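One structure is given here, and the rest of the page talks about it.
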């Protein structure tokens, strides 16, 4: 294997500019705990290299800092995504169903949706369809069954993933959330539920990892749609 | 409060013969690790006092020991219940629905059913109705909805309890089982699922505790049927 | 089974307006992390549909927001319950004993009591009767024994549930609380105690889940009182 | 949604014969703890219905029992898969790379490979390519990069999944194994590693769940190959 | 401080023959996993040095090995204590109450009692007095209150220690046991209960550590009785 | 047993005024989360009944509230003890050695010392004698060996208790503290260390429970000094 | 062994002034939770004794306090190290490679580097070389392979240590960090990864313990360079 | 970096024959769960390549299998090491002190010693020097202080590492063992103790990992002795 030896030294950070060639996805920014000046430098470098930047878990202060230099940057209060979109909009492809058990899971779901769209796929929202009122889910199954891949986002006991797994033909990417209290132990309960699912076709990402679910569901959607050349 | 000071010293054990008056339920026997001679002594003492004995988690060797002195004793290989039934059969009352997610949960369910029947209530079995094929559950809901209380028994991720909780008007007693492997951690995953359920009307007993679920569901069934004088 | 397909789409949320018919209980509001405008919208929709609203774990700011539009709303600082009571008071039925081990468990107990009363049952308080001074509990047992169901609320080591389980004929719903420090691990210790209780007739809800205990104890109390038509 | 109400009552079990229509995959058998007679009954029923049967985690005794009635059954000592293949062989489609960190992970990998093949996809083996001698992995990357989906199987610290995630464009399904000792805690360490991976495009199934990884990777492979009609 | 530099090299082991002078207690033997020949060598060395030997958790095979050379050795099947008593019997001093919640806790209690007696104190047994039938405990409180120190031994939820702590003036040494199943997690539940006790005057030793409880309760009893010169 | 039925109803709280007769120790106040007015009411009631009050974990605001009504109240910033001492000073008895591993453990140690003194015993401080510089401990052993009981307070890995246990004749009460970071998990590491100690004569109280260690060490010291009538 | 009995009593603290002779390293200061006055006293005492002081995890307020009296003190915002360097600079010896997986691990790495330099060794930084873009690491391996010892610092899944372990001849000191979220559980995931590493030559220090890694890697570097007389 | 692309495909296994050049250590064999034929094939291949083989955790059956073909193979019952030594003995270098807390830790220690010797360094044994009788350790400190690196092996609470860390100038490699019972949780308690050590210069390997400790201590010893060309 020839390793693509492409990255840029940005002070201490090594911006992985070869990542898009290697993995089909550009480098993104995980904003928490990055200092203002340093964050801005990364946004600038990435914008310069690729013409668009996608950052997750930004706070509103960070959004202001970036917007000063990039007035076109968009910040979404719910998902905490801070992005500079490419000048030319790409047509989104395929169909990814993003489902949540409750309304409290929506911030994670929106991070997932924004990720999917940034990476060029189409996401459809099915929110608040948890198993405590399971008819709400059933009323949406015809639509959900049109997707190439389903994202199931749930906190507390996380049973949504298992129910979905038994009802669809396509892979289910399960996202446990930290929604809950007491013995939910910050999402551990939902994580264990999803990992132990009696239903087939389920695999799991980290607690609250809407970005990760968006990434892998995009990979699957691209495979299904035979378009693996994003933004190019 | 006047405490009913009635128990019998049986060597080191203190047989709680006043329990029936105090709690409405006779003393039962937890068989594991009890030595042959000692187990037999307890069965004799309880039979003498109350005319019937109920033991849980007996092994087949213990069954043989007891059957030598009590040929009428019945041992059930699945539930591991070893009982000497009362001479006169009582009519069973009410309606308790005992549901399992899979077939591997049946031993726990049968311990529950046997307990319910010994304590004088009627149990109906709904086995293998787990959420990975949820239509199996729905096909039984009309029957399940006739119960005064529902017992939901499930291992792995234990999602059955949450789904049932959203579909019935009566209390759901959830029993996590140790069925599963890997991250099920001997039933911990199912226990957390059930404790964190997003559905209402669910409370939880110990892992594999079919007896405990049978006991409390009998209490609830008696309350509903207004017959709290069992075997008297 | 025919699933009652009744809910209202409220932006992303799907208000489960069919829940009362399906489960015998109206939809309630879990207030934490709900944004002001959105919370108010839910209170309005539910008030419009059912003429009363019950919300748990509201903070005082949320109380003010709701009170601006609903001056008749009542907010209780201890239980954090924020409710709009129905115009016509229903007569409360039955008897539920709500017991706490210490005074620090009272907020959870008050959430439980308020839930019981909102759902139409009668609650009696037995607070600060923990096992470190067990005579306090015994002095109340005559009264506690009049209940159809007992709620045992305790943090730290949570031994109250086991002691109560050995003294009453009716089901005990155990609520572990996060009261304690060090190795109480946010209520885990009390949860394990209650799940492992050597006494019979105990089942357990989530840590600090006063609402959940109120719900299931109401179900049991209704069964005992043969009045399952609340507010209708 | 119309739920396909098709299952057969086999004593207590409810064989989900409608599963293939609903999910695209036939019912399979999880053999552990199933009694001889009962196991045979399930194999017969499934063979009758679908003309082939796939069972996981069978022991050699169970293999003998089934082979008496089905001499054509094949039992694999390594993967513990016990199957009756369809009379007519289907051509396998696509490309799934199944990688293991060490040789001790091979039983899990073989369960995965057998599952993939039974469900009609092509699997390629890349065994013993763990990160402690990372050049072994690199020497295989050209081949691995031809796959539609990669399965990464590893115990101990489970770092293989992260390294693969950074080197491929397609989804990585990570399988933690219970290989290891001491602080591997039966696979918990590898599970946490994989869930927390710093690389993108990774999602995780249960510890030792080769079958589950085979199932979801087949789903993804089918999507990529546009052939979702297996065995029909 | 002058450290007493007295021990004997016995192959690899360093027999702490100075321990009695330093701590007031002779060296004892923890038998598990010690090979026959090596175990015998230790018994011989200690017998030679001190004229008596006390071993815990011996199995019956080990008992036979030792009895061949020391026919006067006594082996107790319940406590698994294997001891060679001193030729001259010492009069036992003081009063230690050893209480168990159930009969399954008795092996741990007997290890404790045997330890107490070997170290020269008097133990009184109060077995099967757990909180599920709390009147059994109350009937013994007059006797228990005569002790200088109380040992509370309980598995499952371990509530006995808390109740005792609220009823006595003297220290309670709590011993969690591994009795139980499911969420008792091998004694962890009882350990957490006891460490978190709301009652005062309780401290805790390791799970199933009857020997350790016997040791520290002997220390306390000696302090109370002003006789710290054992066997001399 | 006759249970001393003496307590006072203070709104919801039941002040256990009979506790001193029953256990030899007066009721004390655990201040956290008690509201101002309610805290003051308790201090007043206890002062009225017993002429002195001892409260733990008070914050400085609570100290001010109490001092307004009781100018003689003393608040110690380090231990967070807020007490109203009895008018007449009692002579302290016996000898309790309170040892800490580091200086960060001192707040817990001071809570312990203040408790010991309030309950009438003499405490001697041996601070910062942890095992990383073990000569500091040895230089104090002559003094420590004069005590009737030793309290060993340590966070991080908590090894101090084991070392002390091997060097003294009297009981060691071990207090794990939450001092540390990372894998100390809030004191869990030190708790496990102390519970698993290879040294004898050690028993353990809850993490950071200086009060509990002071209480039980006072009980032991009283037994040794034959003066169990405190303040009477 | 003759224990070097040298320490200074500083109020409660016992400054271990003999440590340098005993262990080859001077005493350092762990700043968190130390009160201003007390911290200053320690800095003064140590400066007086050894002419330089090294403190870790200082906050900026503490830096100001110390700088008032010691204007030459240096405070580093990233590593939180607050030091007074010796008047005469020592030449640094050897070669220690300090590697991080990401940029968020840099504060821990800088604490490590500062520690190494204070103790007289030479550190080289290799930051942001984590396994998700493994070519970044490979591009540095020629340089890393010049070190006597390698420090591998990583959060999330911590796979960097395993990869490094397979590529170098010298010991790898692994430092898990609390970088991550969800199932990283504050560094537990990375800790388990590193402890379970399939690669050889890896040992692990506490989560975020840059100081500890600096200390032990200095010991190893000194051994390699045959210069164990630091600052003397 | 140029990766040394040298390994041999042995069926599924990839024997890392380039490892010695890359890391300075030959490949070794982890025997558990390897089937007879396969194990023998590996021993043959390695013997052929390097003239000597070292296997850990072999059982006696595996020893017999290997001895049939290699009568010169040596099997040690205590350490479970099964090795074929090189024809020409190498002179061992340096000094590594291997210490255990108790005698039950010796199997782990012997695996460590055998590893050290196979890799060409000199090990000295200091067994049964645990902290419960700390004078045994002190009597050995003069000898221990001659080592280039110290291995501290302990189960139960694992305090030995901390005490050693405060007494030596060289690195301490700590090995937690699974020796203990109850709350030792299979070595978790000792692992946490060692990771959280208050002493400096300690790093930790996996539970029971005598081989790993032998490996890294050899690396350190070689650095100190400047002889990194083993067996060449």
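For clarity, chains are labelled A, B, C, D, E, F, G and H in written order, and residue numbers in each chain start from 1.
By definition in this document, a residue touches a chain if its C-beta (ideal position, glycine included) is under 8 Å from a C-beta of that chain, and two chains touch if they have at least 3 such contacts.
For clarity, every value in this text was computed on a predicted model and none was experimentally measured.
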Chains in simultaneous contact with subunit D and subunit G: A, H
Path length in the contact graph (subunit A to subunit E, fewest steps): 2
Reference subunit B; chain at largest CA-centroid distance: G
Pair joined by the larger number of C-beta contacts - A-B, B-E: A-B
Whole-Å gap between the CA centroids of subunit C and subunit F: 36
Mean-CA-position distance for subunit E and subunit D (Å): 51
Where subunit F and subunit H are represented by their mean Cα positions, the distance between them in whole Å: 45
Residues of subunit F engaged with two or more neighbouring chains: 3, 22, 132-134, 138-139, 166-167, 182-184, 188, 191, 195-197, 200, 206-207
Pairs of chains, among all present, that meet the touch criterion: A-B, A-C, A-D, A-G, B-C, B-D, B-E, C-E, C-F, D-G, D-H, E-F, E-H, F-G, F-H, G-H
Touching residues (chain side subunit D, partner subunit G) in the complex: 101-102, 130-134, 156-159, 162-163, 165-167, 180, 182-185, 188-190, 192-200
Residue numbers on subunit G that touch subunit H, as the complex places them: 1, 3, 22-25, 138-142, 145, 148-149, 166-171, 173-174, 191, 195-197, 200-207, 212-213, 215-216, 219-220, 223-224, 226, 228
Subunit C - residues contacting subunit A, complex: 3-7, 12-14, 16, 18-19, 22, 30, 33-34, 176, 178, 186-188, 191, 206-209
Partner subunit B, residues of subunit E touching it in the complex: 103-104, 106, 125, 127-129, 132-136, 138-139, 181-184
